[in-house]
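In the two complexes below, chain A is the common chain; its partner is chain B in one and chain C in the other.
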Partner chain A sequence: MRDHYDVLVIGAGPAGLAAAQTAASHGARVGLLDAQPRPGGQVWRHDVQHPLPRDARNAVDDLHGVDWLARHSVVATESSSLRVETPQGSRLLSYGALVIATGARELLLPFPGWTLPGVTGAGGLQALAKQGWPVAGRRVVIAGSGPLLLAAADTLRKHGAQVVGIYEQANAGNVRSFAAQLRHWPARAWQAAGLRLRLAGIPYRFGSFVRKAHGDDCVQRVDIDTPHGVQTVACDLLAVGYGLVPNTELAALLGCALDHSDIHPRVQVDALLRTSVANVYAAGESCGIAGLAVARIEGALAGHRAAGHVDAARALLAPRDRERRFGALLARHFALDSRLHKLADDLTLVCRCEDVRMGELTGFTDARAAKLATRCGMGACQGRICGTALAELGRFPRSGSRPPIFPARLATLAGLSPLSSDDAQRGS
Partner chain B sequence: MTVAAATFDLIVIGAGIVGAACADAASAEGMRVAMIEPGPIGGGATAAAMGHLVAMDDDPAELALARYSLRLWESFADLKEAEFSRCGTLWVARNDHELAAASQRIARLAAAGIDARPLDAAALYEREPALVPGLAGGMLVPREAVVYPPRVAQNLVQRAQSRGARLYARRAQALQRHGVRLDDDTLLSGPVLVATGCALPALLPALPMRARKGHLVITDRYPGFIRHQLLELGYADSAHGDADSSVAFNVQPRPTGQILIGSSREFSANDADVSPAMVQRMLERSFAFVPGLRNLQALRVWTGFRPTTPDGRPYLGAVPGALDQWVAAGHEGLGVTTALGSAKLMVDLIQGREPAIDPAPYAPSRMAA
Partner chain C sequence: MSARIRLTVNGHPVEVPAGASVAVAVAHVTLRFRRSVSDTPRAPLCGMGVCFECRVQVDGVAHVRACMTPASEGMQVVTDA
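Up next, the complex of A and B:
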């Protein structure tokens, strides 16, 4: 097995797929890796019941000339190569150029009851439903912020869930003004209209957010703060997501400069998507949240660039810039209400890996000091959830993460194969 | 603009485990104490220490200090924040030669009043079934324990604060006659104790100090996977040898059920980056003794720097040629074990009393030859 690629692409969502296909079209030897068993990323995640839309299907299926490296997760970085864990063992993949297309994750904010079984992220529950987790007939409250709530509602409804309401924290004026601006992006306006039609009959409330979830063994009802007072809604599932934040852990480990001008860092790139590290490019949500269209264009742009075709990359600048403006619009109209900062009380768990409550963080102004004293962010997710939430809540910025990017076998870190179960038995 | 300097009986610079212990011991005697620490409490070498309270017997002076300290650590056994876990130390012998050498160590430890016992192979595997087959036996030091150093440091600082000590979250810019100037030009007046570990040369350039890099790996939770702090009997060769880089089998069960894996030593690595090659060497060493480790999930790898003096002993005492300047730094890999004893010894010296153990081997003046 040859382990060198001219272009190695990390993440097989829309940006990574476009990057891999574009680079391969120039004749480059391309590897595309993802921790998931199938390409598509979050937005085009394989659905066990429903086929993907046609253009998504085309993008996901067209891996001609690309080495598709399924269930490969990047563990650590070495010089011009990545240490990767596979179900079979560990590999070292070297590259001429690297494209980071690690996408984004959901922003989750702590509130009383958010750790009850039955409470998930909005995108999280959408992904579970696509993977076949049964939601049919269950009453679902969807809350948080941004267009993702509608997409989640659409998927859940298709899988037979009873969506009892969608609660958007942005106020009605902001959402209306956002909708009006959509006319500048006709494809998106069309998509949004389709979604609204399919979701007709489901209450979509603005200026509303979940204050508290109640239940004994799992969530049974939620208190929702609305412009008209607190309303209690019965449900079996609660899906709450406050938008997306860029995944920058791999870029940081590679030494790429991050842009810290917003609360959540994003990978810093030049106009042609070059990071501060030679031969490393980044595309899509990891460079700032702007949606699917940007991811596809930037993926192609980075693919051209990484394969050495600068002019072809440059030709995509104008459409990319136009679509990037959509990201700014999104951020402006769905800015989070400061009342969300006050939802967690002293007893609310904030670090779910290490069971750290909000009250234990009183007095700390630095993530590392808090971590050393309370273990907050010391667990398996290395503060991806709590560190990001605490940054959003204005407590302190998330501290840098350490290798491995995700938990990995010790054998992988040592560059070895795992022990066969026979050997393991003898050793224990 | 000149501001009247605040005056203290002792100004401790650095709030790692050693500085924190000194501030605690001084404030316990009613001294008015200032602490200076710009970073998190216990955020330097203390945060990269394994927290193993261990007596090393290869240097009599180091053993005397460790023994003195280990007794003081007993008062932390019930402190929740210390995460004190008396798992005992199990030194592993690969062959009969190492096992035979262990009996000399047992005798030396016994002479210092520390209980240590030989284990034959059967007893070794009864205690630690995860060890690789074919080992000769080992040496068990049952009363030794592990703690969580950053929270101990924080607890010591809080204890000092509760007695009136003041914490300045600033950097010490320069030592001055009878005091120190901070990076915001605040002047503090009084005797100064420098406990800044690897950063010692910034304030006391005449005392040589090298940073010896180490790597640590921590796993997910596997309660009961191993039960004792495990070390190879050849550990001292790595710890006290002068090789530019070395690794040793040094694996610890945390009270959380996590496994903490050390240890590596490098002299000429100055950046804090994780070195894949060193991690690989260190892990291979641990797999050679506990093969089942291979399949455990690692959560995090990080590095730290041990403050290392030319002869491996800490500087504890008066700064040569200076008035009212003291130093407690350079504990290398034994800073957690010996912090409490070092602090008592320092306060005795500063107060003009005779310390409980002979301070001569640690006198900083040994470097002013």
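Up next, the complex of A and C:
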């Protein structure tokens, strides 16, 4: 089956939703696809217990004139079309213009004990709680870096978790100066004040990070390095995330140039969000981490642009630039402490898919050679976790991914549709 | 929101709210989602489809990411840990 869209949007987070709605408002035939079952992306993820805030609900529900393609994963690209996998089989979607709005994932760093069940990302546990994960009454330690720790704490507390403490690696001076700068973004200052109020009573410690997680079958306690020495805290769940990194795999597969000026690449775009490939635009956190407001503005900008309305796109440049500055502020104040680079010892598993230990990587200076010799990065996640961590730790940059960008069924790869049940085995 | 979905995990009946993921259903029974190549138990890490630590078998199909799959009535989920 082949379907054509004037504008096809990949990723239904705030950026992709805005892009799709904006392009549709110009009369374009628009498709919006996401690997997730519901639109919303990370911040507006559907919550089984609590309804979304009203403006989020409006954005998520307002899909008039847009073909919503749920549980569609892009696995490969062909000329002006994408090979997608759905629960029913595979499809080929062609497009006039494409908007990449693939967002970001958490940066997860290895430390002794991080493979124990019960250890998750910070946004990771937040996402699981929204899916209905049983957190009520559980003691949760939240650690890592950035404002996402507070957002995660807020969600977890709403779901009945007992948040034992929030441990931020950035030092107190940096966090204080970040908070002071928020006055330039009144909406954010307001949000932060609300969060602080709701989280009152939960210890929020700075210059502190998880050194080690202990437990038999699952995590039971953690050692936390604080400015006053190592503290051991008992818990049922440990949620650790060190900020976000852009999802650039799809853009790379399409041949879009990436900006490598930071450790973690982002999609390179011009002022009006055009990538290096004709008719392909990118918006939101895939172009760099800067939060919800940027995602919404850039989504609209890309939607105008992809539908051929350049002036309307240009009108959004000033607010976009302003919000992008928030990203720089985040990066500066929550820069990672170099002690985090040394948390993993030789025995710590780095590649969780293939169980490769840190010590096995000694002597390798590039990802491809390490992969061939040790299988590091060869598993199902295709190096999204270990490759990104190793880049952050200064070992070596992540090697480029090849199609399929997610493990796909054999039938999808053969371009066959629909799926017969004995093809339902996946290569990894 | 009040609707409940019934499914089984390793043969145990489980009830979850409509809209919950398979990962949630599994968590009601066990935190051992899969066994790694060197035989250690694993459970969800990223919650968003990236890490593949939550893979389970759903209605006979292996290697399904539990965090990306909505639970549905009568589903049979099997973990390998």
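Following the convention adopted for this analysis, the second predicted complex is superposed on the first by the 415 of 428 C-alpha atoms of A that agree within 3 Å, B and C clash if a C-alpha of one lies under 4 Å from a C-alpha of the other, contacts with A are read in each partner's own complex, and residues count from 1 in each chain.
We take it that contacts are C-beta pairs under 8 Å (C-beta built on N, C-alpha and C of every residue); 3 or more make two chains touch, one makes a residue touch a chain.
Treat the numbers as computed from the prediction; the structure is a model and nothing was measured.
Contact with chain C, but none with chain B, is seen for A:L128 once the two complexes are overlaid on the shared chain. When both complexes are overlaid on chain A, the residue A:A97 reaches neither chain B nor chain C. Of the two partner chains placed by the overlay, neither chain B nor chain C lies in contact with A:L244. In the superposed pair of complexes, A:A369 makes contact with chain B only, with no contact to chain C. Which of chain B and chain C touches more residues of chain A: that partner is C. In the superposed pair of complexes, A:P407 makes contact with chain B and with chain C alike. Legend: residue contacts after superposition of the two complexes on their common chain; A:D355 is shown touching chain C, with no touch to chain B. When both complexes are overlaid on chain A, the residue A:A380 reaches chain B and chain C alike. Of the two partner chains, chain B is the only one touched by A:R83; chain C is not. Where the contact sets of chain A with chain B and with chain C meet, they give residues 379-380, 407, 424, 426, 428.
The part of chain B that touches chain A in the complex is made up of residues 39-43, 47, 129-130, 132-133, 150-151, 154, 217, 219-220, 261, 274, 276, 279-280, 283-284, 286-287, 290-302.
Chain contact summary for the complex, chain A toward chain C: residues 35-38, 42, 46, 48-49, 71, 105-106, 108, 115, 117-121, 123-128, 131-134, 217-218, 352-355, 379-381, 384-385, 407, 421, 424-426, 428. If you check the complex, the residues on chain C that touch chain A are 1, 16-21, 23-24, 27-28, 31-33, 36-38, 40-53, 55, 60-63, 67-70.
For chain A in complex with chain B, the touching residues are 76, 78, 83, 366, 368-369, 372-373, 378-380, 382, 402-404, 407-416, 418-419, 423-424, 426-428.
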